[in-house]
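Would you mind keeping the following structure in view while I ask a few things?
We call the chains A, B, C, D and E, going by the order they appear; numbering starts again at 1 in every chain.
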Amino acid sequence: MPTLIRQPNSGERQPPPLTFSTSLFRQISPALYLQRHLLNNPPTRPNGRNPSQCRDFTLTTNSLSHAHGSAVVRSGDTAVVCGIRGEILTIAPGDDPSRFESYNGSPTSAIHACGSRGAGGASWGGLVVPNVELSTGCSKKYPLGPPGGLAQTLSDQLHELVNVTKLVSLDSLRIYDGDNDTTSKMKIKGYWSLYIDVLCISLDGNILDAAWYAIVAALKSSKLPFASWNQIEERVFCDPSRYHPISLRQSLPFTTTFALVPVPASAGGEVGEVALLLNDPDSYEEDEACEILTILSTTDLGTAQGDFSQLSLGKLRTRVEKIEKRGGWKLGISQIEDCTQLAASKAARYIHTLAKEQLTPM
Amino acid sequence: MAAKAPDRRRNNPPSHGTTPPVFLSSASSGAVKPKQSSRPPNEIRKIFLRTGLISSVTGSSFLEIAPLKLSISVLGPRPLPRTSSTPFAAQAILTTEVKFAPFASTVRRGYVRDSSERDLGSRLYQALVGAIRRELYPKSRIEVVVTILDSEDEGDDVNTVYMEEGKTTVETKFWDAGRSERALGVVLAGCITAASAALADAGIEMFDLVSGGVATSFVDEVGLKGKGVGDAVSNKLYVRDPAIAPPEGKVPLATCVLGYMAARDEISELWISGKVGTKNGTAEMDELVDEAIAAARSARGVLNEAAKERVQFIVDKTGTTEPLKEESTDVQMTG
Amino acid sequence: MSSLVVPGQPLGSASAYIPGPGVHIFNGQIIASLVGQVVTTTPPSSSSSSSTNTTTTTTPTPTISVQKPILSTTATEEPNATLLPEVSSTVLCRITRINTRQATASIFSVNDHICGDEFQGVIRVQDVRLTEVDKVKIFNSFRPGDIVRARVISLGDQSNYYLSTAGNELGVIMADSEMGDQMYPINWREMKSTRTGVVEERKVAKPF
Amino acid sequence: MASSPLAPEISLNPLPQADGSCQYTCPTSRTTILTSVNGPLEVRPKDELPSHATIEVIVKPGIGVAGVRETRLSSLIHSTLQSLILTNHHPRTLIQIVAQIVQAEDHTSLPLLLTPLLNCTILSLLIAGIPMRTVGWSVHLAVVQGAKGIKGVEGQVFKLEGGGDDGMETEESEEVVVRNPNSEILSRAKSSHTLTFSKEGDILLIESLECSQGSGGESADGQGWDISDFLKLAEEGKRICCEEGVEIIREALADRKVF
Amino acid sequence: MSLDALEIILPGDALPQLSPLLTQQPDQPQDTKPRSLRLGPGLTLSPSTPSTPILPYRYGTLNLTTHTKRPTASILSTPRHYHPSPNDPVLVTLLRTTAEQFMVQLTPYTPPAIIPFENYIINNAGTTASARKSRPNLPIGATIYARVSVVHKHLEAVELSVPGPDYGEVISQKNTSSTPSGQKTKKESQSSSSAAAGGTTGAASLANRSEVTPYILTTSQPMTKLLLAEDTLGKPLLSAVASKVPFEMIVGKNGRVWIDAATQKEVVKVVRCFKEFDEAEAWNDDDGGLVRGREIVGRVCGR
């Protein structure tokens, strides 16, 4: 096993070097091990990728028999299963359905305009209800039991992403009285409420990107039965023979996450610290990172079919819909610019894989 | 799902609750017949089993038997929680958790464990606890976590309503007494087999691998009328690894699920439900148990192959000189 | 390359072999308890003391064991190492808390293998060194954050292993100074900071 | 003490028992936060860090029980404070921060609550004498399209390019930036940006998101903003935080006699 | 930036006043050793930012003392929480006694501090309490007047010491006629001001009275600083109170004051004066609480 010698950088008498095996050295001082990798130029990463390279990912959709739509995303050692179940929300006669009509009043409120909080209860949600489950034995770091801080933060981030991107067209979730092919203003009797459950099978860093990609892929591949109001039984019934897809946005938004690791750099004589951007961090890099930057962006690749990878991404217009940067103080604002370029290239690969998967539905 | 109290730690559905979709099929098409499985009664279904897919835990396995898909992860000998008041544990403490994914069965299950999941967990514990050499790992705990991604359609026809000229009748054609036991039995057998594979992958020493076996005894529908319970019923049909739909014109009598250590020929866990006659002592029960053991023995073959396959893969790899870069072994989930 | 065995598979009669790791005995049979390769090691034919007590005068009895190859890659640490600290195994640990009577540490490697989880160990003040045990001050021997090579002397109580650094090659092998710079050992009880040259007291392990 | 109508009303140490506490009211977004800081305290063994203090942030909502949204708010504040507080001064201790949302127009809107929460927490950390590397300040900017009829306090509404006259009259289709908007302005905004800078101008937290209305699907295809607009906004945010923010802090602390 | 003491320093501020002290003074002869600057509480070295080598980590005013032979700089601020620093006089209560030390409560909600027996000197001869027979058997909850000896962030407990007979257990001298062997009562603490402002003299008059229990008052950090500085900051309040009621007090820097007087009523009067003064935050007034202090004493002590 290659030994990494840990040399004290100065001192008059050269003390005996301490030699450790690589894995021992990584365990003893993880920060130094990562810095040693990032310091040689071109900077390398312990997992063998270069800093701006993200992990290759595989996508399989519709492999679950009971979900209306499902997707399995595996990116490196992070594996996520997303299942979508539609359930019927019957509007009580007196109730006013308009509160479900728009992605709620204030931009990121997870709650609809009226009655956002039941008396004393936590908040009631909107029509689309995403949740993340991490206590499935997916990693040693995450204990079993009710959702902890990370799972709750992820659930809330996914809920905010659904609200911000307005991915699902709410009017495709309406349930009318009788056959609704006449588009006249039929009386709305109910709504489809989508339960999006994301289960993490294996956790090795950057679960937000994998979870959001799984949600988008699952929504794209899901089919809801045609539902209509039955006057006799005063209930909503579904037709087992007629299924229709959920109508989504054309330009699909994707998230790209970066970790910033402080690296000592003697810029201009002053030994300061510069943050190096690592694309798609794994759990080891996430632990050592001082900052996490997530960008939600849409890149309309236009109708150019064919292989996306050669497209020169420079001329594509990337619109940013969300930026979240937390922790640390080393990020230069200009660094965000080249993050959007990386986000565009990743979006292209996402769309390419999704298109390939749609052509060969299960 | 009725509007029960909102879960403080998760996103909640709209306030007045949602109900699962109810399907209205016109009477003319009649109840769609579940397709009969064409395999002979003494043959079990094809098992797809692979180990070592999750790198961040000590041992893991993925099992697929037709509709049933489950993923198991074993968190190897871990220190006991510091503040636990348990006295000095001379041998490892095993804990097993079984959880259905919300989208795993026809009726959406919540995130909080219900009684059937707790029951499966304790039965899995019984099956595994005897097989692990726990005295080798003092003062530690071994956690086996089972996540069921897709399961039998044990309730499929429950929510289908049949409309007959204006009168809707909710008639469940295929609900019979043993249905949920058969479904949970198949799930438990899958859990036992996959858990042993995961424990072997984790490198935890075991006396023997435990494989799960299920068998159900059926009897002719017509023959049953007029006979009291316990009368000797002649033409009994034993089906190993039963599918959810009973064979043509048959009614299920009893189901037996067991965890079986083939090399030691020992049963570590046995669960029989249904009607078993005691007219001539335990003969009827022994027949059923022998069928289940046969099912478990054939599952054991697949289990041995799966356990060896991963180690063979490593042996081939470490045989070569260059440092091994474990490429991501992806999971092909057949629909 | 011998074929792989599966737990439960009999390997031979108990009288023919001495059971090594990875196997167990069940009614007179040596049974494998791991998935892996069978390895039979015959002790050196010269009459070593161990072989005198075996009754058979013919070839000395080989020990048989099953080894599960560990997926040791540079990229990921060994996930499958199911290692537990045993008595008299040498461990590397990181000091987490010190008080006047003992230093608490978290063990992350046993016999140079990374263990999957961190176990908690305790170095009591009387186990710090061999000489003048009563004049030992924990505060001058260890500081939180130091990396220490120690030996497990007992399984201890239900949440702690008992460790000892009584021995020249045991003790602090890496430490940071008060100001956080790396330090290197200059003698068995002092370490010097590389940047500021400040000397701090530690129970230092002999580097070579 | 609010010199300009934009400056928040700050009252220091309203809670006598806490080590450091502060009540912060943002006049324009009408949000009131009460934060109390206690530390360094004894820490639970399972949260203990060998060489650092454990920071625990608890956000208590104005209505009902703390839910998923409050956990996210406290995790955002926690990661910002992790870079501000010198945690190695008091290893194996607990610094506990409890923030109660006293009054808010919309109790679940993250942008409306995040800026007052951050500012109030930083002030109460200063009062409590918790060792800090530097001081930070947060501002919430909303980009509104067609700013007719936005009645903002003097200086609250401005244009980005020239940042010229911040008079009230703004053409119809023009983009305008509103500082610390209230819930009504935010509901008409195109995008909302919560920016936190340290005194030296390093950026600590960005929480920018698109908040146009609509029922989703194809109608939302064109949304999103260009990264260059964001960079201009960030420069403006930096100016506000580094100059005005730090001034507000110095002013708030000035009247406390120190000896 | 002018060296005006009242200017607020925020954490992370650059401190130009200190840089002349650090660099070798050009006019100083080369051979003299550069006077090293001692950093007091509030300042820390920050090697990672060489442009600002010294970093303030608390808000407050800069307190620079250059006249002594070793210049020291610190940030003066009064956090609400007591941060122990070496040789602070403190009043602690005994929690329990272990084999080799007393476990005492220094401040609430923090781990208990320790007084090792070898630090507990019981008489002028310097014999420590480590020997069993010479160890004072202090009841649980006894009040001890001690000094902080070792404070270190890695040490689990703050170490205190009882440096001499003037310290140790605080027993009100009056109701125990014969003092227990070797245990000196703390009568004349350096901060007791009973005889200060013309009140009735000395402790003798306190001796022969009925049962009076002294009171331990918890005060805020600013108030403690005021009481400790008897002749400067504390003068207005203490002289006002002492003129009305003769009393004896011992002030611990951890915010606890032991107050004793002739009768129980007088003890209560003194306690109420201090408590009202503290709660009114009168120490924040410009006149150092002179007016309000006198007004409170007048109201509390009546005539």
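Rule of thumb we're sticking to: a contact is a pair of C-beta atoms (placed from the backbone, for glycine too) under 8 Å apart; a residue touches a chain by one contact, two chains touch by 3 or more.
These numbers were taken from a predicted model, which means no experiment stands behind them.
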Item to check | Smallest number of contact steps required from subunit C to reach subunit D | outcome: 1
Next on the checklist: Applying the document's contact definition, name the chain pair with more C-beta pairs in contact, B-D or C-E.
Outcome noted: C-E
Checklist outcome for this item: Looking at Cα centroids only, farthest away from subunit B lies chain E
Checklist entry - What is the identifier of the chain with the smallest separation between its Cα mean and the overall Cα mean? => result A
Checklist entry - Between subunit B and subunit C, what's the gap in Å when you average each chain's C-alpha atoms? => result 40
Item to check | subunit A and subunit E, separation of their C-alpha mean positions in angstrom | outcome: 56
Checklist entry - If you average the Cα atoms of subunit A and of subunit B to get two centres, how far apart are those centres in Å? => result 31
Next on the checklist: Among all residues of subunit A, which ones touch two or more of the remaining chains?
Outcome noted: 48, 110, 118, 121-123, 140, 152, 155-156, 159
Checklist entry - Which residues of subunit E are in contact with two or more other chains? => result 154, 156
Item to check | Contacts with two or more other chains, residues of subunit B listed in rising order | outcome: 6, 8-11, 55-58, 78, 82-83, 325
Item to check | List of subunit C residues in touch with subunit D within their complex | outcome: 94-97, 144-145, 180
Checklist entry - Across the complex, what residues on subunit C touch subunit A? => result 72, 74-75, 77-78, 92, 94, 108-109, 112, 114, 116-117, 147, 173-174, 182, 184-186, 192, 194-195, 197, 207-208
Checklist entry - Which of the residues in subunit C end up touching subunit E in this complex? => result 97-100, 139, 143-144, 179, 181, 195
Checklist entry - Any idea which subunit A residues touch subunit B in the complex? => result 48, 56, 58, 60, 62-67, 70, 72, 74, 76-77, 79, 81, 83-90, 92, 95, 100, 110, 112, 115, 118, 121-127, 129-131, 133, 136-140, 144, 146-147, 151-152, 155-156, 159, 193, 195, 197, 199, 201-204, 225, 227, 230, 232-233, 235-241, 283, 362
Item to check | Complex contact set, residues of subunit C against subunit B | outcome: 1, 4, 6-10, 22, 24, 26, 31, 33-37, 68-76, 79-82, 84, 116-120, 155, 157-159
